[in-house]
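Letters A, B, C and D name the chains as they come in the text, with residue numbers starting at 1 for each one.
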Amino acid sequence: MSSSQPLRGVVPPVCTPLDASGEVDTVSLTRHVEHLVSGGVHGLFALGSSSEVAFLTDRQREAVLRTVVEAGAGRVPVLAGVIDMTTPRVLVHAEAALDAGADALVATAPFYARTHPAEIARHFRTLRSRVDLPLYAYDLPVSVHSKLSTALVRELAEDGTLAGLKDSSGDEGGLRRLVVELGGRHGRADGPAPSFSILTGSELTVDAALLAGADGVVPGLGNVDPAGYVRLHDAVRGGDFDRAVKEQERLVELFGMVDAGPESEMGRNSSAIGAFKHALRLLGVFAHGTTAAPQIQLGDASVALVEERLRGAGLLPVR
Amino acid sequence: MSSSQPLRGVVPPVCTPLDASGEVDTVSLTRHVEHLVSGGVHGLFALGSSSEVAFLTDRQREAVLRTVVEAGAGRVPVLAGVIDMTTPRVLVHAEAALDAGADALVATAPFYARTHPAEIARHFRTLRSRVDLPLYAYDLPVSVHSKLSTALVRELAEDGTLAGLKDSSGDEGGLRRLVVELGGRHGRADGPAPSFSILTGSELTVDAALLAGADGVVPGLGNVDPAGYVRLHDAVRGGDFDRAVKEQERLVELFGMVDAGPESEMGRNSSAIGAFKHALRLLGVFAHGTTAAPQIQLGDASVALVEERLRGAGLLPVR
Amino acid sequence: MSSSQPLRGVVPPVCTPLDASGEVDTVSLTRHVEHLVSGGVHGLFALGSSSEVAFLTDRQREAVLRTVVEAGAGRVPVLAGVIDMTTPRVLVHAEAALDAGADALVATAPFYARTHPAEIARHFRTLRSRVDLPLYAYDLPVSVHSKLSTALVRELAEDGTLAGLKDSSGDEGGLRRLVVELGGRHGRADGPAPSFSILTGSELTVDAALLAGADGVVPGLGNVDPAGYVRLHDAVRGGDFDRAVKEQERLVELFGMVDAGPESEMGRNSSAIGAFKHALRLLGVFAHGTTAAPQIQLGDASVALVEERLRGAGLLPVR
Amino acid sequence: MSSSQPLRGVVPPVCTPLDASGEVDTVSLTRHVEHLVSGGVHGLFALGSSSEVAFLTDRQREAVLRTVVEAGAGRVPVLAGVIDMTTPRVLVHAEAALDAGADALVATAPFYARTHPAEIARHFRTLRSRVDLPLYAYDLPVSVHSKLSTALVRELAEDGTLAGLKDSSGDEGGLRRLVVELGGRHGRADGPAPSFSILTGSELTVDAALLAGADGVVPGLGNVDPAGYVRLHDAVRGGDFDRAVKEQERLVELFGMVDAGPESEMGRNSSAIGAFKHALRLLGVFAHGTTAAPQIQLGDASVALVEERLRGAGLLPVR
């Protein structure tokens, strides 16, 4: 993946299968990469938030990344999340990712430590200059608690620091301003290949985001139904918005599985990741639905709700 | 506007012209209603946030609403914001709005006082039962500091409390879930008229929102270029997404005027409202660009930036 | 209360008794003022947050303020909250408060509308210049969603805009910096009378706040036990910190009543105000424990918890 | 440090000296430990936020902790921060801390990943059961973006999971409720040794916190003036509140150094840590004032402001 061939399409954040003891299940992970690639996805994002990167030790991160790279076998590019609090710690992960064969890095702004926009810019510039891989900025205010401004992203896009943006901020208006400032959707989609990839993490409005000029999508739910997201992407690219909307609405209903865990008992994140993992177990891809500590595990009633959504979306036979 | 004829289309939040002393300029306001209606808008939202409702005294609110109703002359429905902290205070505004001839009410959740979802539900139900006008919920977390949940809006839609939602939360994913839960876009747009109107306040992604199933839009920038938003709406309704995206991108560039005021000197809200008002002055609609106290006024350099955006968007002759 | 006699001591925010229909119960309110003044308080803060000012219509606010002023009969100064979104609306309340006989005004920064520090400064300066009463700034980020900076308060103290600060921000470190910047506690307490009153809203750490240099306290719980807060204040002023801490700890236990309402059913604010009002009912001061709409009312089990706390603190005979 | 000898007194979070290249300067660190211990402190908190723990690689963290333990030479207990996003990653740091000779661990709630109170409880219980060292909870909402509730801390105190709390939440009222629920200050200070240590991070209100029942303080500014904080602590313990307040006010003025860096150029955290480090350089303890990447370094004008504060507080000769 050179910077002259920007990333487009469906790039799921690869869920990390764990065994009952919490160790990485590389057999299931290899099977999952096959599930995704055969579903037609255009790239793989390992070690993202939906991969439970925040819960994986450095040793586990390496195991995950090496497995994904090996299983992917060069068929699609592999982006590696290098998620940590500040520049020096992120650099350690970045060097490990380079060594493990990643095609690009995905980094957030610093977190835990409070920072200034000038420090965030310095953070990305240092990462880019120290590790020779294309760098994506990951805008995820719900975890990082700061928002990358349109002006900062534009500056770092124009000076070549960033190869792209993975936008999970939910700020669709800000993203639209960025698209227009970078030349607009028509300049991007119909003209020469853009030199900067905009990937949205908004898995419930992919039709809208692609219409608005996003290059691709990083859907957590794409772990469960990669082919559905590929069909949705293809429909928009082919100009068939009616079909795109229908596919998106089916995926929105499928997404309802994230509410499976009771709010009084577990976090929304644990519920969503647990639902994706149990769905993959029910589909025969994962051996277990286990999530990492200290997350609460889904109970039987919750798993039954997940199964119901899979049947409703046509991914399991209706009983 | 009966509840069997739900609101669709472009419904700008009507900016409130003030004279140099801060009093409501009813002559300019009458001219502005004509500007909007002749631009083809489908409704008028008086006393919204972009109308500076938070800055207007009760006496001024009444003057504004009576002027808009009279100038509109029944050609389009007039929605009236009844913005205040809690149920008893909102009821006072609601009765005044009924008396002034409004066709519907728009109310937020309580603010200043911290509330519970059960109290928010009780708030909307009390308003609906005490004043006989269709009621829209106004979801504006940036001002109200709480978010209306999809579950709550759905409950209040299904039991007839709410005639619609004006969603300025920026949570496009949540809005999509609501659309799907209410039957989906195809059920909404192609089938029988929906009984619940979803209006988005996301003026930079109207093409996307209408694609996703919103019924209409409440664009602050629609004060400046109502005809542009009407063309955008019509393009989507006619299935011409290429034209819609081009019109939206032109409006995104025009929107850049909201950054006219320097961040070091004034709030983002003052800058945006000041820009819209000076744009309307430059277009010959408003006599003054004054914003209400304690907002800082735009300086000459800022007004020049506004003018530049108007020329760039083709709303003033290029010099 | 002239600006040369700054306010010190215990200044409870006066709870507003309502009858079963939600109307102001002026008979109970008159009795309550007597309860407070005979408890030894040094001032009365009518129309504060604990007075449910956000829930009272303008007509009700006037009834409350006139009743408090009349019942107080000049024995202690009456501060009047003039709580509304922006300068023009606050000015309406300020003129009404002047007319009703208030001795000083208490105003927050603008809310609902997003503002800039320069606009907040302009807000307070406009209020001070337009209504001839001493002005207190009310720092309440939990409701207003912005924090008054130490620098801004100091500037407005030094230029005479503000007569004092009612600090409910919980930022004790910031408050300490302000005290030191204004000359320190020893300069304040032992030297000439300060020209600026710092009142803390932190009712659980009054001993600490007075030690640190606050001039007084505005305790919501002081509605229930004014004499307890007066004893606590007197103990600190007399240098008897052991007695002060014991009194404070008794009041902290009494304060536990604010958790009477179940979190799953009502807001924390409704629970706290409901608890204070039912406590006053049990003490024979209020006729009803009703809170204003849309707040949820305390149930019997919750009221029993309130009663238990009153007995534990020695305010009702132990059964 | 056994759990029967709870920690009391002044426990500074030890700043980490870096050389110009960003590597840990163990020579300066050894000198700094001597500076602190000879200043009379009662414990050392290595790898806290003021130690720039978020910026240190695992290798650097180990170098820091081994140096502090060796230099401390058992004269005072060494607490080790084990700051990372989730349980599995924190466990890696906890095992390294045990191996390096720490006397206790200090851990936050999970961050980056969003969690539920039940998951936070599980996090602390897992840490305690897996590594045999006393465990302190570190409540730091400004970094972690969740607040430990009084109920949760009390539960984990009573079941023996936690040996103490380092409270940097700024919620003094909540802390007071915890003190009272655990038996009150008089039960704590005058009776048998408490089994749970409450340490406040509120370095500007130590007199007040100790009065209210805190066992000790973790002052970032204690790096610069450990003897001052020890005098303050001793004054309160000896009941001389006048002397305590005077010492605290001197330290508040000294603390003003944290504003040395211009807000337009760097984060508040970078300014504060940079100020402490340059102060230590001016005092002859550190060789450099360098802060870790991507923080902006203090310029000459800022360093001059730091020096001025040192002179004002009597820590450098007045020129």
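Convention: contacts are C-beta pairs under 8 Å (C-beta built on N, C-alpha and C of every residue); 3 or more make two chains touch, one makes a residue touch a chain.
Treat the numbers as computed from the prediction; the structure is a model and nothing was measured.
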Joint neighbours (chain A and chain B) are none
Chain B turns onto chain C (C-alpha superposition, degrees, nearest 5) by 180
Report the chain whose mean Cα position is at the greatest distance from that of chain B. D
Length of the line joining the C-alpha centres of chain A and chain D, rounded to whole Å: 36
Whole-angstrom distance, CA centroid of chain B to CA centroid of chain D, is 49
Residues of chain C that touch two or more other chains: which are they? none
Considering every pair of chains, which are in touch? A-B, A-D, B-C, C-D
Across the complex, what residues on chain A touch chain D? 22, 49, 52, 54-58, 60, 83, 85-89, 92, 110-116, 118-120, 122-123, 126, 142-145, 265-270, 292-296
Chain B to chain A touching residues, read off their complex: 170-173, 176-177, 180, 184-186, 202-205, 207-209, 211-213, 239, 241-242, 245-246, 248-249, 252-253, 255-256
